[in-house]
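Each chain gets a letter, A, B, C and D, in the order it is written, and its residues are counted from 1.
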Amino acid sequence: MSRAPHTRPLRVYYEDTDAGGVVYHAGYLRFMERGRTEWLRTLGFEQRRLAQEQGLLFTLRRMEIDFMMPARLDAELVVATRVQRLRPASIEFEQLVQDPQGNDLCRAIVLCACVEATRFRPTGIPQSIAEAISGGN
Amino acid sequence: MSRAPHTRPLRVYYEDTDAGGVVYHAGYLRFMERGRTEWLRTLGFEQRRLAQEQGLLFTLRRMEIDFMMPARLDAELVVATRVQRLRPASIEFEQLVQDPQGNDLCRAIVLCACVEATRFRPTGIPQSIAEAISGGN
Amino acid sequence: MSRAPHTRPLRVYYEDTDAGGVVYHAGYLRFMERGRTEWLRTLGFEQRRLAQEQGLLFTLRRMEIDFMMPARLDAELVVATRVQRLRPASIEFEQLVQDPQGNDLCRAIVLCACVEATRFRPTGIPQSIAEAISGGN
Amino acid sequence: MSRAPHTRPLRVYYEDTDAGGVVYHAGYLRFMERGRTEWLRTLGFEQRRLAQEQGLLFTLRRMEIDFMMPARLDAELVVATRVQRLRPASIEFEQLVQDPQGNDLCRAIVLCACVEATRFRPTGIPQSIAEAISGGN
């Protein structure tokens, strides 16, 4: 679990900002979800297919998030995603949103649980995904 | 179809604004959807139950929208919703977002179609809804 | 600081949900911000006037958030907001999103800092606000 | 004004979808704004610098939008942006959101006006931008 984090670039648009002139705080959660989704895709898995074919969703259980510096319109940012801990039915991530100079704007510890798509009851992470994570991170 | 429009008050929060200091344009579509949903609720129908019990969704087909004046943080607005035309499988609304002085900030003609919830194919509006609209508007 | 929490009702619309069929996780941050804004308004303060007249913003510094149960379309929820700790330049809140049966769907500890509106540098909470909080909570 | 449209790829994430299982209608407006912003950037202009250095914003005045087919989670889409008409103080765009097979999911005619950033009063499009549009489109 010590590989380089997965990174995904993104751009700040008007939709992401608020009247304070900077990125609206909930926007960072959207950015981080894009990061986790693309990380999962690099392992060969798509959330829609997981839901349809295996009846599984990854759902957020807990998040600790520090907002350190504001980001402004047109900024080019990067979301860095790293698996910090893999458990039988959940994954703990560390995620950073950084500016092009490498400053941390936002940092979060994110706990995602694997649940049944219909009833949201916890279930084990499929072995194929667990192996891809262990091998790929 | 000449009754007074249904009105729903709303408040502008940071989440609705952008770095221009005013309501982000796509926010008005969210406001108008709240208005249509509450209008439908006053007729006795809820979208989640329609989807679950009758397998129906109302989906947007077309919108003509004029953005006339900006709205700012903390503003108290009203969404006015009026059925302009009821067809067998669609409803045409006129919707206005107004400030407390009655100024029109945004005006739209909105065409919603009734579709099957799974395949999004057009289907007739249930008679119970059509009657409630005809009687109630 | 032991008074009953401020509560604000809200309704779940399509805009708040995602393809999992439940409220999108970042939506709870929007709900909680509505709660803090209305809490502040009951004390007699509006964020837009604070920014314009005193050059101040309240900005999120840190959030610990637990997502406990999903909420679905059309649900009627309540955001409960309580000041947990008042510091010279920041406020710590406890916030809950609950369903009509009083179940906790989401719980957060939220740290908001008072900053200059232009440069986002920390600054003291104005005495008028601090007094209103101490008296009112 | 007959050049090939500017195109920008995008991916559908959970944040873009709603409980109907497809992209939430207002999401297309966000997608189209990303398209116009990137189109402007290819001409050498950034909205934040326009606001700061010239006191100008481009603001939406009118939109006619047809929602033709739904898009689902994980879909790879393209936003195509083409200037249809350049006027002294406004630009009319035609924008399409398409799937990888080239199907039109959503089509809009979008009228953007150039306004003063503080008071939102109409003002002429700077000559440098008008020339870049005429030359570049």
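Criterion: a residue touches a chain if its C-beta (ideal position, glycine included) is under 8 Å from a C-beta of that chain, and two chains touch if they have at least 3 such contacts.
Keep in mind that this is a model prediction, so the values were computed, not measured.
Comparing chain pairs B-D and C-D, the larger number of C-beta contacts belongs to B-D. Of all chains, the one whose CA centroid is most distant from that of chain A is B. The centroid of the Cα atoms in chain C and the matching centroid in chain D are 33 Å apart. Chain B and chain C have Cα centroids lying 27 Å from one another.
A straight line joining the Cα centres of chain B and chain D is 24 Å long.
Shown for chain D are the residues that touch two or more other chains, namely 14-15, 19-20, 22, 26, 30, 33, 48, 51, 72-73.
Contact residues of chain D toward chain B in the complex are 19-20, 22, 25-27, 29-30, 33, 48, 51, 57, 59-67, 69-70, 117, 120.
By the touch criterion stated above, chain C contacts chain D in their complex at residues 14-15, 17-22, 24, 26, 72-73. Those residues of chain A that touch chain D in the shared complex are 11, 13-15, 30, 33-34, 37, 46-49, 51, 72-74.
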